[in-house]
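Same chain, two partners: chain A is paired with chain B first, then with chain C.
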Partner chain A sequence: MVNTLPYLSFIPAHVLMGFAILFFFLAKAVPFLRRLPASLIFFLVMAGAFWLETMGSGSKAVFFDMIQVDSYSRLYNQIFFIAIAVTILMMVNNDEINEEINWEIYGLLATVCLGMMLMTSATNLLMTVVAIELVSIPSYVLVALNRKLPVSKEASLKYVLFGSFAAGIMVYGMSLIFGLTGTLDFAGLWKGLGAYSSAGTAIYFLAILMTISGMVFKIAAVPFHFWCPDAYQAAPTPITAFLSTAPKVAGLALLMRFFSYHLTIQKADLTLILSILAMATMTIGNLAALRQSDIKRMLAYSSISHAGFLLMGIAVLNATGRGVVFFYIPIYLLMNLGAFMAVIYLSQGDRFDIASYAGMVKKKPLLVVGFTVCLFSLAGLPPFAGFIGKFYLFKVVIEEGLYLLAVVAAVNSVISLFYYIGVIKVMIIDTEDRPSKDVQAGGFPVVFVTACAISIVFFGLYWVPLLNWADKVRLLF
Partner chain B sequence: MSYIQSVIPFVPVLPFFGALFLGLFGKKIYARFGENVTGILGCSMPFISAVLAVTSFIAINGVDVTERIIRIPITDWVSVADLQLQWTFRYDPLSAVMLLVVTIIGTLIHIYGMGYMHGDKSFSRFFAYMNLFLGSMLMLVLGDNIIIMFLGWEGVGLCSYLLIGFWFTEEANAIAGKKAFIVNRIGDLGFLTGILLVAYFSMTLFGTTDLSFTELQSNIDVLAGQTVFGFPLLEVIGICFFIGAMGKSAQIPLYVWLPDAMAGPTPVSALIHAATMVTAGVYMMGRVFFLFTLAPHALGFISLIAALTCFFSATIGMAQYDIKKVLAYSTVSQLGYMFLAMSVGAFSAGVFHLLTHAAFKACLFMASGSVIVALHHKQDMREMGGLLKKMPVTGYSFIAATLAIMGFPLTSGFFSKDEILWKAFIQGSPLLWLVGFVAAGITSFYMWRLVFMTFFGETRADKHTWEHCHEQPKRTVVPIAILAVAALTIGFWNVPHFLGGHGNFTNFLDPVVHDLSSKPMENYHKIQLAKQADHQPEDTHGAAVEHEEHVDHTALEWGLMLASVAWTFFTGFLAYIFYIRYPKAREKIMSRAAAQKVFAVLYNKYFVDEFYEAVVITPLRKLFGFLGAFDQMVIDGMVNFAGFMGRITANLVGIFDDEIVDGAVNGAGWSAQTGGKGASSMQSGRIQTIVASSLIIFIIIVASVVLFLG
Partner chain C sequence: MGLTGFLTVSAVLFTLGLVIFISRKNTIAILMGVELMLNAAALNFVAFARFTPSQASQLDGQIFAVFIILLAAAEAVVALAIALSVYKNLHQIGADKLASLKG
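After this line comes the complex of A and B, so read on.
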């Protein structure tokens, strides 16, 4: 029996997160602990984990080569901690969630976080299953936080069923791969598939496609996107914001690591597969978004189409593409979190239909301006950061010669303008047909959204810091 | 990290900060604390910048001559493929001079603006714009690469537009702003074309480029061998850059916006439309002088335009009655002098005239603003007169600046203008000199006409205005007086050799700007010969080309100088006779039909605006009408068709959703209800449908992949 304990020193943040999970579920039961400020503690845990990850260096395979900790996983983990910290801020300032259940929520979030951290470093399909389920199962519960609402329960149940469906396909695919190659290790399985005599046959593609379906489910790409609008709509808005960012990033990181082990002869086929997924995802996401009248559903479809855009960076299957995806992610976080924060405070009560935002600019001018910046950036207009992110995505795709993908993405960018600007038009140009009671937004959301908007404009004009950060993303071989 | 390197980045940043601060909180500060606090806040950032600029100037004088080009990298900016742009500032003697002009005159005009804008309800907006302008102008001056310079270039254009239309509630002002903006756009198109040519050729020839002036200068020899559409590359770039300068620095044919720009507040006219922004074109030419050195044909073209501008705008100035319009045409004419100097290779003379002109023209504008305020916003000189008694400080300052602009011996204009005329004679042609010489006389005439009509003789103002007219408060007149003193004295910085001086200013600029020592064309041929002989590659920048024969020109220089002094005195005296001594003589001349016709042509500015209206604007309008129709028929048709197709697709997706997915749901619900099992199974029906749809799409993807690749 190999003693694995010494390995723990290579993954301090995972250890911290493990203790956090234990602590939050324990605290629910121990009355003394319950009186402590849960949000603050969780925030500190995130800060501590962030600090631990920035301190780490080097590359190391641990736990029987199940996971690999390197600069790649550490940088992505830092993004998760930031996203979760922001989610905490949003939850503190939101009245959709009952504060009494904070302890459970943070326990669940910590579990999701640990799962995501494993997703970024998994190098074995078995670990992949564990990590994905570790993220999925608490997510099902998080969607149902408003447990008194039947809609929430329904959405959560759908999510569970759909998740099981995707996981089933994934595990089936893995069994095919194991049958073909005799290994579940990333490096080994690509080598095995390369050596497999009938590479290029139906079974070969079926195995790969089925295996990645679990990851595709996590990033909500076609065809495993159907859960997304329902879950986003029913979940409390901070949770929606969280689900639309962090797990998606984790799925992308996992996909990139999985495909990074491919052999050169497999590249053309894999690029084509991923391009088809990317094109289908952005097109279906965008066309569906056009018809939405609910802002949260609209943003859900928008996040589906963004998954498609991000798949562009993965489809080129090289280090530049991975760097560009990482470059886009902080921008995507800023835009999406800013937009959802604005949605929380622009919406009155439980009404999330876009029409209810009419004439909002007069009531909450600063918030609307910030929201508008986020939406313009999501649409990819200059001089906002979203434009630069998209620009680099297009650049790598064109450099790789994937012109069809670039054209489809360009057409999709134009289509997406339509629904983003539709919301802006309603807020700024339309007038309210019947005045409703004024919900006063506190100082925090305005500051938050404005900060997001300012960062978006800043990074749109001066993106060198992000570029430098993205430059550090290196997968080691 | 030397002193200069640590403070220079703050010089442009501080005014930007001031603009941001005043833009965000100015209105509240104004409402809460009143005018004085807002004004002092507005002046503080330019003032600190001026202090930093002056101390840096002192510091650079202590640096060894060979190390006076100081590049201050701030950070990387754009690095896409071959383009590696950086945020870098460049502090060298040329930008040091410009910094002095911009920050010191800028600060004085800010202080003056506190008095001039007294009681205006947009007080804080004014200072926010002015700070923004200063920041952009300083960025233009300090930019180490063309792109940063272009950013500043566009920034000052924006501020100019905002400030011309500052009182936008009156339509004429808003139209003047638009005119300035559009005419500048035409010039900017030229400039941008030049920049893109530089970028394109740099990238294709040298791999990567950062578009900095240093890099351009070191690569200029390679670029000189290139052609574009069969024309020598540098000539084309030179013309393109000059078109940019034409727009910004109001040269024929793009000068028409500047006189209209006088619709803005007078401090704006003084700062932007006389002292700083309009000289950006001259500065830009000085920055890339090495390019123009190798583009003699472009210089020939520039000298033609410059001489024409110089002469014609001076003649228009003789026949204007609006005090600010006279000064505006005078500015256009003086800018012509600067370009004349640049075009004959006397780059330092051009920059020196920029400096002296900034001092005396800012002073003239500020004094005229003081008069305008005193007379309750009357600008027509026919309603002025005799103001010297009422406004002594303003009046004497104005006279001092007039002495400078006419070139009265030992004032600043005397040194700078005579240098230009001399260089035009010896390195251009006697014809160029003659045009400049005649224009100098006309300048003297219209300036003294302005002085006599405004400050001397009997007043023609109505009684009420005259009684209320008084000298302006200190914050207005002190800056005017300071500039008047400067206008009289700064000429001594560049006393030419034949008057016993050492040309200190020329020497100061020498590390960055080398004057040509002979006619541009001859110089160019010399360089080519030197290149063929293949010796001394550093000869290419003109200065090092040796004087083969040193002819003693002292007598000729004295002669030309005395001639122009006598000529300007004569025309000044003519103005005295016509406007003070014997007004009857003037009326007698003016009563003739021919004289009236000439006057009408001049008064209407050669009908250039009407000409543009008929030849450019009306046909363009027709073209736009046609394009608009084309747009509606064809482009919109295509867009609508695309939209229509999009709608159809979206509807198909919708139908899929509604009919198949929801239909299945409803069908399940219906069957469930008829089955008597209750409505709860509706949800389970839906999840089955979406899982089924997901599976169908998945199978389609697998099938297509297998078909494509299998």
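After this line comes the complex of A and C, so read on.
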């Protein structure tokens, strides 16, 4: 027997999250513990995990080389903790979820978090499957918990069907790779695929494409995006905000680590596959977003097209591309979380159609201005941070000579302007046809959205801190 | 039966699962199709582990197959629970009838 306990000291945040899962599921049964404030405890757990990850240093392969702890995994994990902490704040300020089941929800969120942490550091196909399912299965349940919208159960059923379909394709692809190379290790399998005499044949591409389908499902890229609009529309809004950010980032991180071990001779093929994926994703996402009348559905399609833009950074398959993706992710988080927080408070009760936002600027001027900044930034207009993020993505793609990809992305940026500005026009220029009840918003959402908007403008004008942060993202370092 | 036999059976299973997933209307039947796909992958792993054992660790394929069985069970539990709650709410589980969300 190999003693794995010493390894645990290299992954303190994972251990903490494991205890958090146990605590949240068990404490529900203990009357004394049940009276404690669940949200506050989970928030503190996130703060603690963040602190533990910032303390770590160096790089080490643990658990039979199945996970790799390095600055790459630590920095991505910190982003997940921030996203979950914001989700907790949103849930406290939202009434779509029954507060009595907070304990179970936090247990599920902690499980998702552990899965995402394993996704960023997995270096083995078996660990990849475990990590992806650890994220997927609680997400199915989280989507179904909207008490105001019974149809969320239906969305969750569609999500679980597509999710298990993607998982089935993924494990079949992994079995093909295992048959071709005789190994499950990322480094070993790329070496094996390179040595395999019929590299470039149908079975080679089939194995790779089927294997990445699970990760593609997690980032909601074409052709595994069908679940995304339904699930995002029907899920409780804080959960939608969470799903559109953290698991997507985890999927991107896993894709990047998976492809980082490729050999030079495989580069051209892989870049082609990923470029096609990126172009299809951003185009289909944008064209579908144009004809949405529901704000959450529109933001879902917008997040699909953003997955396409982020795939641009992965398609170049080098360290600069990985740095640029990491540079864009905090900006993406700010824009998306800010926009969803604004949506929670601009929507009266459970009305999420864009038309009901008419004349909102007169009621909540500050919130609408913050929302407008987030939407402009999502569209990629200067001087907001979204522009800088997109600028760097275009830069690495052009440096690599992928001109077609750059042109398609530029056209898509222009298309995306239409639907973002459509929402802004409804809020600011249109007038209400009939008076509706006042928006009930406390101080917190306004402060939050304003803070997001201010940081978007700040990073749009002075992005050096983000560049320095992205500079620290190194695999195996 | 050699490796080719196992691979043929698993490819047939996988294709059957795929066809069921695409063509069937009943949600439970769709789930059964997904189970077929997962089991095809498990069969592949076991066959590869038996006939072309990897040098590094001979048990990789078998362990992966065990994990696939666990994964299939976990997904089935969650999917059936959700299907049950859909049935309670909407009194049907036909995939073609669940179309309240569109766009």
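The rule we apply is simple: the second predicted complex is superposed on the first by the 473 of 477 C-alpha atoms of A that agree within 3 Å, B and C clash if a C-alpha of one lies under 4 Å from a C-alpha of the other, contacts with A are read in each partner's own complex, and residues count from 1 in each chain.
Throughout what follows, a contact is a pair of C-beta atoms (placed from the backbone, for glycine too) under 8 Å apart; a residue touches a chain by one contact, two chains touch by 3 or more.
Bear in mind that the values here come from a model prediction, so they are computed numbers and not experimental data.
Asks: Looking at A:D269, would you say it contacts chain B, chain C, both, or neither? Reply first, second, both or neither.
Replies: A:D269: touches chain B, not chain C.
Asks: Going by the contact rule set out at the top, does A:A29 touch chain B (first), chain C (second), both, or neither?
Replies: A:A29 contacts neither chain B nor chain C.
Asks: Based on the superposed arrangement, let me know which partner A:L184 touches: chain B (first), chain C (second), both, or neither?
Replies: A:L184: touches chain C, not chain B.
Asks: Once the structures are superposed on A, label A:Y462 by its partner contacts, choosing first (chain B), second (chain C), both or neither.
Replies: Touch status of A:Y462: first partner only.
Asks: After superposing on the shared chain, does chain C or chain B touch more chain A residues?
Replies: C
Asks: For A:A234, select first, second, both or neither according to whether it touches chain B, chain C, the two together, or no partner.
Replies: second
Asks: Just chain B (first), just chain C (second), both, or neither: which does A:R291 touch?
Replies: both
Asks: Touching A:L5 in the superposition: chain B (first), chain C (second), both, neither?
Replies: The answer is neither, since A:L5 touches no partner chain.
Asks: Looking at A:L161 after the superposition, I want to know if it touches chain B, chain C, both of them or none. Which is it: first, second, both, neither?
Replies: A:L161 sits against chain B and chain C alike.
Asks: Under the stated touch criterion, which partner chain does A:V151 make contact with: chain B (first), chain C (second), both, or neither?
Replies: So A:V151 only meets chain C here.
Asks: Across the two complexes, what residues of chain A are contacted by chain B and by chain C?
Replies: 154, 157-158, 161, 165, 169, 288, 291
Asks: Which bits of chain A are touching chain B when the two form their complex?
Replies: Chain A residues touching chain B: 154, 157-158, 161-162, 165, 169, 200-202, 205-206, 209, 213, 222-224, 226-227, 269, 272-273, 276-277, 280, 284, 287-288, 290-291, 395, 415, 462, 464, 467.
Asks: Write out the stretch or stretches of chain B touching chain A in their complex.
Replies: 75-77, 79-80, 646, 649-650, 653-654, 657, 683, 686-687, 690-691, 693-698, 701-702, 704-706, 708-710
Asks: Going by the contact rule at the top, pick out the chain C residues touching chain A in the complex.
Replies: By the definition above, chain C touches chain A via 7, 10, 14, 17, 21, 27, 30-31, 34, 37-38, 40-42, 44-45, 48, 52-56, 60-61, 63-64, 67-68, 71, 74-75, 78-79, 82-83, 85-86, 89-90, 93, 95, 98, 100-101, 103.
Asks: Given the complex with chain C, which residues does chain A contribute to the contact?
Replies: Against chain C, chain A makes touches at 125-126, 129-130, 133, 137, 140-141, 144, 150-151, 153-158, 160-161, 163-165, 167-169, 171-172, 174-176, 178-179, 182-185, 188, 229-230, 233-234, 288, 291-294, 297.
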